[in-house]
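Input: structures, listed below.
In what comes next, chain A is part of two complexes: it sits with chain B in the first one and with chain C in the second one.
Right after this comes the complex of A and B.
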């Protein structure tokens, strides 16, 4: 029972990190139809921005804000500088996936060329261990969970109750129709990539905090988890990605407790393959 | 030339043979059939591991320092054949990902993730293939009869590898030019049209996966016989991207381009630069090489997506319409020159148009009012596209007064569309 509770705690933290990342990824896909495989590389690049701020003596949470800004700027640059020109030329979605893989190599190994191949850690205190109903987590882990809940609430509020969110949903549903209705879709796409890029930067930082140490290639396997969460909820579905993140986070960590930890990502992988084979539109699956 | 230089050249020749084989397999899958197989490197790995365990002695040999299944100690050609078969067999389960219902980019992501995961599994599970340390001391082919370290042996090895690469080239060219290869190109250009013409997309994709898988498996077997070791670090998912870079730069869909790409990217760029003097921090050159591979892909896809050697545009002249004319019982039959059918990268798959018009003089033409033979409707260059389907391409039409003009053609020829 203790084993179950401990793994449940880890699962909730992983789900929290994953939810931030998956929502950002799925929003990018929703408005531009791009499966941005360079997302993981941008996460790590942003985490290193936070590391630079942290090394300069500031708190890692301040670094996270810098990482969010860097992730937003980088993602907008990536979309307007690379993906949009390809799309405007009429490139097929598969060409964009190949381009995004090329960008993955450029960003990931560009970061590694700068920072070197060794893993680094933030200078921070994990805070006191908190016990709550059998769960045993550090204060930092509680902060991550709270942050994730706040981000999810923010995304929910944005999409449901603001004009911008409504325009984003309209652009995602049908871009040309949205433009005909007077929505400046190009601007909405840029804003969406900025917001999702900020989520990407935050996710990269909290992933690095949660893992303890990180290097330039740390997000390779985490991208599998993101993809699994996104496809579980249906690509382009923000709420689906949140639900998918919770399921994948819990499934990987709880299975790690009972099988071998080195195979925990395989659970996510199997879920992803089954979803791709049976229901590529996701469990909620409205859009094919 | 010093001995070291000779071995360096031999080394490059063998890598050229291996990479050409692998790139041809990928070119067949990606360039010709349009299957973006981001898991391609798994097939090469399967071939290499199979060849290794077929040729290695049982795992208790050498003091049992590595553990693996098999260890059958089989003589030379068997491991290579086994490697090719294993590459083909392991491709089969991938069919369910590239089946017809899934978007191409979703399937590609599934294959990429599979490559990452298979590598993770092999790395972490030691008993089957010795885990992350990999297999070493893999016997070279015929090492009992010859000395694998001798120059003669190595020259022969590079020759065999290049001959196999040439054989692979002839094979894929043959397949691509066959009617079966035409079906694959039709599927790549517009799978909906190919499907509607009765092409079985699932079996086409399955067979091209197996064909490419066998070439990759063979290339892995040849490679492991030369370098004598094989570990998960040799086949990370990114190695597939190197092969993709080669095929894209050389020219997707043109097998000569694949050969050129194989020589340019994996051989000239990766292997030949292995011995340049190190500078900067350790690993810096490797990192910069990966950045350059990524840049090459993006820049080429932007500036020259067809590659250095583009795919040859195939022009198929439409069958002469004489047969159709003969069947029409008419006083005078005018055959309108029909268009040429172009199958290529820009004009997608076009339905063959065998359209003729037959004109028949009618008896009750009112004299004075109608002048028979005067053209009342002329149209040239009629073209109508529905998305990627060219329903009518550059048709010419002339209707004369006092005639009944009919428009005939097989189903799907675009008869009503011409009327629009």
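Right after this comes the complex of A and C.
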């Protein structure tokens, strides 16, 4: 029972980190039609920006803001400089997937060329540990959970109640029609890249905080979990990504308590495959 | 009703196809990365007269074990610079080249083949960890190239490869050494936490066997997936088993993350740790000390390591060679840690042995100079002991037989070209300096084997 509660706690934290990343990923995918596999590499690049700020003596939370800004700027640059020219030429979606894979390698190896193979940690305190039954979480992990909830609420508010959010939804649903209705879709696409990049930067920093130590390749497997959460929830579904993140996060950590932990990520994909077999559009996709 | 960003009315195929494409593309990234990482140079392997000879550092430069390749490169750059300052080998200058295996046997073979196809004047290969040794050593041997390998895999104890040389102990002996350290420190309940890479997994079975022979208890045995980002469940299982000590080797960020989680889940108290010799590395120290705290690591960590010189005639040129690379290559951590890092010490010796063998054989062809490695390492009766390449060349010019003894101590090659030294126990100071805290006798190891 204690191990179950402990795993439940770990799962909630993993889900919190995953949710921030997955929502950013799916939001960008929905509006821009680019399956951006470089997302994980940008996450880690942003985490290193936060590390640089942290090493300069600032709080890691300030570093996270810098990472968000860097993630936003980097993602906009990635779209403007790389993806948009391919889209203008009418490249097939699979071509853009390969391009994004290439960008993953370029960014990841670029980061490794700068920081080397060494792994680093933020200078920060984890704060006191709270114990309840078998559940054990540090103050920082509570902050991460709180931050994730705040981000989810923010994304909900943005999409549901703001003009920008409605324009994003319209662009995602039908770009031509949205343009004909007077929505400046090109600008919406750029703003979406910036927003998803900011979430990417935040996700990279909280991943690095949560892991305790990170290097240039630390997001490799995490990207696969992001994809699992996104496709489990239904690609392009912000709330689906949130639900997918919770399911994947809890399933991986709780299963690890009862099977060899090395196989915990396999469990995530078994769930995903079953889900895709039953509901091909994902958890929330069929509602549209 | 939940907010929807995208219509998903297009049926199952696009969703599945996109996911499969993404999965395939993501899985393929590792392979592409390996192809993308090795450098190239003009084709051909025979050096022109007076041309440059290349020492290839075939090891992980990316992936979880990415710290290993640069460690070996520090040794290579230091050793070759010293050799070049002494006039080079038969008029040839030496240079080093890193070849990335990503620590993956599947990526390592094409990387090795590309190395042979594109490296001009290739005269020696170093590196070759347990991650890739099983797949690349046969390739290197087939190409008749001398390799000084860092692998500890026990299969090389009993399979003869003509061009394979090893100055590090087999992993099973290291496993016994770790248990011997635990015995010395009075620990009874042992937990194992090793990475899921080939190089780390080879420690587990010998360790379990030695735990039984030592009358200890195996409290937990957790495998750490090096590609995972957290290990809380594994840490929780180990903490719940209440071990006296954790034996570990999980490189990359894994040990740092795992041990910080153990500390957190153990109420902020670290469980003592015994590491393999691979944990004696500035990169490992830097990442783990940052994660758990340097004083914590200094007070509760031991590692086995081969006995290396810390003074004397072989140490000074070694010290100068390694420290000359500070700021040029390698880790940004405590650079002096390289002076005891197995990869730095034993590959420095390997490069010097090979260079002296070329000099005595008057040939840079591995087929010709390889037999001289054993002759110079083990020595012949009456041979003059030399402690550096420069001393060796001077003695050879005088027509003397030589025996090279470097900072890794005297060598004694067996019929499989393995030369195993004796073990010491290392600890870290809070500043990351390596300290010797004791020795392990051959009798202790025999009792556990």
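Quick note on the criterion: the second predicted complex is superposed on the first by the 272 of 288 C-alpha atoms of A that agree within 3 Å, B and C clash if a C-alpha of one lies under 4 Å from a C-alpha of the other, contacts with A are read in each partner's own complex, and residues count from 1 in each chain.
We take it that contacts are C-beta pairs under 8 Å (C-beta built on N, C-alpha and C of every residue); 3 or more make two chains touch, one makes a residue touch a chain.
Note that the structure is a prediction, hence the values are computed from the model and not measured.
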Original post:
chain B versus chain C on the shared chain A, clash or fit?
Top reply: clash
Original post:
Given the superposition on chain A, which partner contacts more residues in chain A: chain B or chain C?
Top reply: C
**OP:** Check the residue A:35 against both partner chains and state whether it touches chain B (first), chain C (second), both, or neither.
**Re:** both
Original post:
When the two structures are overlaid on chain A, which partner does A:98 contact: first (chain B), second (chain C), both, or neither?
Top reply: both
Original post:
Between chain B (first) and chain C (second), which does A:82 come into contact with in this model arrangement: first, second, both, or neither?
Top reply: first
Subject >> Which superposed partner A:282 touches (first chain B, second chain C, both, neither) >> reply: second
Original post:
Once the shared chain is lined up, is A:266 touching chain B (first), chain C (second), both, or neither of them?
Top reply: first
Original post:
Counting only touches as set out at the top, which of chain B and chain C does A:221 meet: first, second, both, neither?
Top reply: both
Original post:
So, does A:159 touch the first partner chain B, the second partner chain C, both, or neither?
Top reply: second
**OP:** Based on the superposed arrangement, let me know which partner A:110 touches: chain B (first), chain C (second), both, or neither?
**Re:** first
Original post:
Any idea which of 183-191, 237-245, 345-353 or 399-407 of chain B is the one running into chain C?
Top reply: 237-245
Original post:
Can you list the residues of chain A that touch chain B in one structure and chain C in the other?
Top reply: 35, 37, 93-94, 97-98, 101, 104-105, 108-109, 112, 116-117, 220-221, 224, 227, 231, 235, 260, 262, 265, 276, 280
Original post:
For chain B, which residues are in contact with chain A within the complex?
Top reply: 36, 38, 96-97, 101-110, 112-114, 116-117, 120-121, 124, 237-238, 241, 244-245, 248, 281-284, 286-288, 290-291, 293-298, 301-302, 305
Original post:
Can you list the residues on chain A that touch chain C in the complex?
Top reply: 2-3, 6-7, 10, 14, 26-27, 29-31, 35, 37, 93-94, 97-98, 100-101, 104-105, 108-109, 112, 116-121, 123, 126, 129, 136, 138, 156, 159-160, 165, 168-169, 172-174, 207, 210-224, 227, 231, 234-240, 253, 256-257, 260-262, 264-265, 276, 280-282, 284-288
**OP:** Using the touch rule from the top, collect the residues of chain C that touch chain A in their complex.
**Re:** 1-9, 11-12, 15-16, 18-19, 21-23, 25-26, 28-29, 32-33, 36-37, 61-64, 66-70, 196, 222-225, 227-234, 236-237, 240, 252-253, 256-257, 260-261, 264-265, 267-268, 283, 286-288, 290-291, 331-333
Original post:
Once bound in the complex, which stretches of chain A touch chain B?
Top reply: 35, 37, 82, 85-86, 91-99, 101-106, 108-110, 112-113, 116-117, 220-221, 224, 227, 231, 235, 260, 262-263, 265-266, 269, 272-273, 276-277, 280
